[in-house]
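Take a look at these structures.
Both complexes below contain chain A, partnered by chain B and then by chain C.
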Partner chain A sequence: MTQTFLQRVQILSVMLRRDFAVMGTSVRSSLIDCTIQALVMVFLQGYLFPYMGMPPIYIGALCIGSVVLFLLMQNSNMSFRMQSDILYGGFTRYQLTLPLPKNWFLARYVIRFAVQSSCISLPTLVLSFIILHNRIPNLAVRPILFLFMYLLVLIAVASFLIALGLWHDFAWLRANVWRRRLDPLLMLSTFTCSWQAVYAFSPKIALLLLCNPLTHAVESLRSSLLYFEKAPSLWLSAAVLVVTIGLNCYGMKRGLMRRLDPV
Partner chain B sequence: MRRDALLLRPMLVRYIINNVLILPLLVIFNDGYIMQMVLFGTNAQLNTMRFVGSLLLPLLVLTFTLATTLLYDFEYNRFVDYQIIVLDPAWVVLERIVFNALFTFIMMVPFYPLCKILLGAKFVTTQTSWLLLLAILLLASLMASAYHIAAMCILPSSSMFIRLWARVNAPLFLLGGFVAPWAVVYEICPAVAYALLLNPFMYVSEGIRQAIIGGTMFFSAWVCMSALILFYALFYGAALWFFKKRMDHN
Partner chain C sequence: MYNKNTMNNVNPFLFIDSIFKTYRDKNGSLVQALDGVSLEIQQGEIFSLLGVNGAGKTTLSSILATQHPPTSGDIRFKGESIYKNLMEYRAAIGFCPQKQNLDVDLNVQDNLLFAGRYFLMPEDEIRERTDYLLNILELERYRTFSVNSLSGGNKQRLLIARALIHKPELVILDEPTVGLDPDIRRKLWALIKSLKSLGITIILTTHYLDEAEQLSDRVCILDKGKIIVLESLANLRTMHNMISLEELFLKIMARTPSEENMDKEI
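So, the complex of A and B:
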């Protein structure tokens, strides 16, 4: 029993090491992406929006919303690549022949997606907050809480995109995933303005937006980095994210069975 | 073009649902209603000025989606190999651009009427010149299609899409007058404003603002139209050059 477990850990670590080695080759270009995104964010949200009449209290909130958008973009791109790999008989099919249960196989994808997307989103967030720290009046960083919530958000987003990738075929995914899944999730969440601001404008809309897990993802990150008088409870957000991860895991397992039929 | 139209026909309903209904409705709800009312206040005139640049997102997304078929063709089907036997590369590239532009234009036309229906008095159209708006939309579709066809000829593979969006498309769109006209950027930082004159999407948003709101705060319609034609020609030239290079065509 212990030997089997150790063997699985060994296989998983070898696969992850391979993934990290591949990731390592694109560190420079990831840093360029981060810098460009951070600079655009700083100019737009730190200077242009406040000049157009936005209260400065929302600068940090907008930055965090944009980071969640980058997370979705990164994960959807990785999901497309995973899909094309499955479709054109690439490395994924070989990996299924390894003596690893499908849960472990999926866990490896989640870890890879989470690590890779954090390599872009975290430096972008840190860089833009460092540049804008004087302009964000409600900055209240709680690092441990932030790391915990960020980890939950990473896993939730990664598992959602993997589940979508395994559930739908490549052609559908390419044509519809943004319009019919990700755009509604994004636009019907609070990624462009904080929940507090929406609540002040319309409590009904604010309560409706709480039905969207992405609202909880964005708001939990905001609550751990910024101070808002009114925000959804962190524990509620964490609970919603955990339930979302659970549902995504179920979706991933079903999708894997449907698409790849592993023994 | 007839072949392209035939290929697109089975997907037409999907395109209409995705690009005429879902995306515009979401953009109108988020950018036109929630974001304006919550972040910027209730001044309808100012909110209209900020919001009209939001068309850049559906425009970029649709021309990008249509252009990706060329890159997937380069990667997998290579139908383009047959096309350059029967047609000059200049015509092959032109056909792709014109077809994508016309389709994009048709899909974009309902956007502002839909805004007016849904936002009502919050979307001010008392000074709107609808004819000028159509002309700007047509030129914008042409320029954006040429830009994305050029990008597809330059990109080595579809795995680079994320890089195209992160490094080029997102800055072009966000700094292309998406939320603020050029004059406002000039007031904040003249150096950035001058650099933004090289952004073709700035002329799209300025042209649309001129057509919908009018006034001296935005570039004149002729400046925008001339710039869009110039950028179209530049992108067409770039697309042709990289297309020939990619196809190893002399």
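So, the complex of A and C:
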């Protein structure tokens, strides 16, 4: 009897149930992480930086930049864990022999990374915005749009880090992924300042920064929560993120074949 | 000793048809791990794969467990290529790998419960089967222990329990008793024999010749990715006046000398 689509969904949901059960054991630790991150963000970006002369219009923008940084950090940690599991012949290899096609196996990893990283980044963002809402003059929350863009950003970041994790070996990843991949992407994006500020300084540089998908990740979240006169189109950002996810999926599959040679 | 033409062509339980496996090692050079392996395995038999380290035993068992694809060749399960309906084949096999790959984030019981769920077994059947396996593998008292706190022997038993949770028709055991003390080895042998009595087909990869002699109906000796012996133990005894499998193995290996084999474990 051929396996049905529904059976695949059921197996995928069992795998996710297992992942959520494991995640559930670290709820307390996640809550502590969120609180610390939110309080540090509120103190620095809501109070200290404005006292040092930063215009209040950038308070919200900086908070969102920091949340994208947290997303990258958390996903890279999860990618390291996945890599060490693969290296030592662990549970990942067992899962590849279960009756689930490898594309579904990769989808499960993306969902797991996205959910796990959102458990910390989303409460951190919400908490800091609740505390700082009176201090952010350009607050313009569009909740549905935000959730849509946030979902795209989560999937894009998760699939990128999984692709990197599957493509490179553990030693390379540990030593080089931040210096050679993530830091350049992050520094050449607009995570520390708004795209509007870069555009005011140099429109050419601002346009060049649009080649970086991380710029779109940060700016799409900003555009759905804040108002800026100049910002990249949300639909352009969404399109770039979708293309990025597509490329990441290709990278994940190639990486999986290269590293694990599965059937 | 081995003649491919003598193979029965009437849909055997498992038919391995001219499997080749080539891969690149860390230095980039090509390694021919399996060189045209063909054999049949009948339902309900214990079939042992023997050979020195690097002979291709683990490569063949990992291909049978669908961890890796062959470079060329086919495997037919009940007459149909496993690659045509991979998911169905995976549901019919249980695999106990050489390297322990348990879920270290879950405890002993949850490892089995989730393993059953992955195969979409009904929940009450999973619980019943988990209790049964924990009991017969003497893991009952470790039910709530984390996997990392188990001894090597208990981890091995848990791996076997996990491979059996969904009542597979074919069980592939890759070096299941490596590093275990003699008492536990004997217990595992008894368990493997009891699986055979339930009609389960077992492929056993081992480099312990006494283990193969105790358990196997047929043995296949691999050397450099090729089959050099494929015969039942009874026939081997008659044909070669064999006293022990070890004696025969040493005789065969002496006939196919290689510098590599001199340092090998067996």
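As a convention for this text, the second predicted complex is superposed on the first by the 260 of 263 C-alpha atoms of A that agree within 3 Å, B and C clash if a C-alpha of one lies under 4 Å from a C-alpha of the other, contacts with A are read in each partner's own complex, and residues count from 1 in each chain.
One rule holds for everything that comes next: a residue touches a chain if its C-beta (ideal position, glycine included) is under 8 Å from a C-beta of that chain, and two chains touch if they have at least 3 such contacts.
Keep in mind it's a predicted model, so treat the numbers as computed, not measured.
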| item | value |
| --- | --- |
| Combined model on chain A where chain B meets chain C, clash or fit | fit |
| Spatial angle chain C-chain A-chain B, Cα centroids [nearest 10 degrees] | 100 |
| Which of chain B and chain C A:Ile11 touches, first, second, both or neither | second |
| Which superposed partner A:Arg81 touches (first chain B, second chain C, both, neither) | first |
| Of chain C and chain B, partner touching more chain A residues | B |
| First (chain B), second (chain C), both or neither touched by A:Leu96 | second |
| Touched partner set for A:Gln3, first chain B, second chain C, both or neither | second |
| Chain B versus chain C - smallest C-alpha distance in the overlay, whole Å | 12 |
| Where chain A meets both chain C and chain B, residue numbers | none |
| Sites on chain B touched by chain A in the complex | 11, 14, 17-19, 22-23, 26-27, 29-31, 34-35, 37-41, 46, 50, 61, 65, 68, 158-159, 161-163, 165-167, 170-171, 174-175, 179-180, 184-185, 187-189, 192 |
| Complex contacts: residues of chain A adjacent to chain C | 1-3, 7, 10-11, 14-15, 17-18, 21-22, 25, 88-91, 93-94, 96-101, 261-263 |
| Chain A partner contacts - residues on chain C that touch it in the complex | 23, 65-69, 83, 85-88, 90-91, 95, 97, 99-106, 110, 114, 117-120 |
| Chain A residues touching chain B - in the complex, by the definition given at the top | 29, 32-33, 36-37, 40, 43-44, 47-49, 51-55, 58, 70, 73-74, 77, 80-81, 84, 120, 174-176, 178-180, 183-184, 187-188, 192-193, 197-198, 200-201, 205 |
